[in-house]
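Questions regarding the structure given below will be posed in turn.
Letters A, B, C and D mark the chains as written, and numbering starts fresh at 1 in each.
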Amino acid sequence: MGVVGPGEASPDELHAAHDVGRRLAELGAQVVCGGLGGVMEAACRGAKEGGGRTLGLLPGNDRRAANRYVDVAVPTGLGEARNALVVRAADGLIAVGGAYGTLSEIALALKAGKPVVALGSWEIDGVTAAESPADAVERLRSALA
Amino acid sequence: MGVVGPGEASPDELHAAHDVGRRLAELGAQVVCGGLGGVMEAACRGAKEGGGRTLGLLPGNDRRAANRYVDVAVPTGLGEARNALVVRAADGLIAVGGAYGTLSEIALALKAGKPVVALGSWEIDGVTAAESPADAVERLRSALA
Amino acid sequence: MGVVGPGEASPDELHAAHDVGRRLAELGAQVVCGGLGGVMEAACRGAKEGGGRTLGLLPGNDRRAANRYVDVAVPTGLGEARNALVVRAADGLIAVGGAYGTLSEIALALKAGKPVVALGSWEIDGVTAAESPADAVERLRSALA
Amino acid sequence: MGVVGPGEASPDELHAAHDVGRRLAELGAQVVCGGLGGVMEAACRGAKEGGGRTLGLLPGNDRRAANRYVDVAVPTGLGEARNALVVRAADGLIAVGGAYGTLSEIALALKAGKPVVALGSWEIDGVTAAESPADAVERLRSALA
């Protein structure tokens, strides 16, 4: 599952992303993200605590830009075009917070017909709003069942 | 300038895209788009009528998928990741109509700090709404002045 | 047609690339290249002198990195992955000089089944060696007839 | 480390790739490859037998195209442009066998200044030839020490 959100995030967003990551890992899902800080790092940290594996698709060429909770870092060198790869690598997305990069990932996922659950993120037609990390993970799980 | 919008569009959207393309060309601007049908084709047709040049960045590998009004077709073979290239090749965007691919381009442009004007398209924070093709072109021109 | 070769080239290579570009343009072919200096710039300069159009697919995000003879500059932002796009945008390649980036383009073209003519470049199985710019253009033209 | 080679390979090439993958894993290295069959599959199978982790960067959009020994499959959707990502994700390459896609990866690695060891593969200036899988792994290890 993909967890998408901004590199600079509020404490609430970080808390939510961490919880989402942990819950996804506990369900046995790999967490895919953009590999950097903020929401991405919090989700990876949660996933590691939940015993899961994390994949970070980085915009630059340097694997070392990955946050420390990324197990497999892929330095794509594609810049923001790597957002399309995050979407391709995920069966569905949970979006936390509302930056523009996140919006591009939401849009690409919806275009590809993949379910998107939003937690304090963009309210776009086609996105399912969730009220908590537990609710978000459950809604994504249901959408993919 | 980029003109973005869906491959399947309403008559009103096609009319607006055609007018936008023509007006951009008359200002001397190159029209950059995704190279396919619908809004993209209408904008290119308008640009050619306005004496301008058109660049189409195609998702597939076959140049022949370009609409007939594309002067320079680039078959990127990147799928939807080519949306990032449309944004990179443009100084600003006019979005016509509201598909998800279009939304991803709007989001990437805003992320890159490029002006986006919407004509019957997504009302996203940071986008400038326009009331007519003439208004859209004028607003984009002003934003880039 | 694609003209590929290094950004830093010898006087002989520059002379050859210029001649190749001019001859391709005189045949009515668009010159596609990586858009930077050296062989790329010489080929574009020749193409403009021959009355043709030039397309430069740049590795970076800044259109202004294109040499002055590029008519349509596409800032792909893909780094060396843009070499694959140069190959996709061309029906065949003429390679001038022997850098590693050039070799990657030769290899991708051969993989795609597109003809490659070499002028003082890599002697790879599947490449047609040419003795002069005129010979190179003629061999590529024949291969595509 | 990257292991690159064709999807259709001879028994000798498959045997060599399998041995290379196992030896890299025993040194603690992750095996990065294009994720498909032939040399890629043999290297991944060896890596799994050696207790290692495997990363497959696929050309298409479907994760299920990965061979069964890929732990982390990334469906890039970039076609052959994904070869650049294989090179970016690896500190160095061992090339087994001599297809054109392999040659493009060798060229991109040399361009990026990364060591390339060849086992029955292209004899390009800058590539280190090896005589056996053990020799190839040792030479790559030395080059990166």
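Throughout what follows, contacts are C-beta pairs under 8 Å (C-beta built on N, C-alpha and C of every residue); 3 or more make two chains touch, one makes a residue touch a chain.
Quick caveat, the model's predicted, so the values are computed rather than measured.
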Least hop count linking subunit A to subunit D through chains in contact
1
In terms of C-beta pairs in contact, which of A-C and C-D ranks higher?
C-D
So, what's the distance in Å between the C-alpha centres of subunit D and subunit C?
29
Report the inter-chain centroid distance for subunit A and subunit C in whole angstrom, where each centroid is the mean of the CA atoms.
40
Residues of subunit B touching at least two other chains
61, 77-81, 84-85
Under the touch definition given earlier, write down the residues of subunit C that touch subunit A in their complex.
61, 77-81
Touching residues of subunit D toward subunit A in the complex: what are they?
30, 53, 55, 57, 61, 63, 72, 74-77, 84-85, 88-89
Along subunit C, where are the residues that touch subunit D in the complex?
78-81, 83-85, 99-101, 103-104, 106-108, 110-112, 122, 124, 126
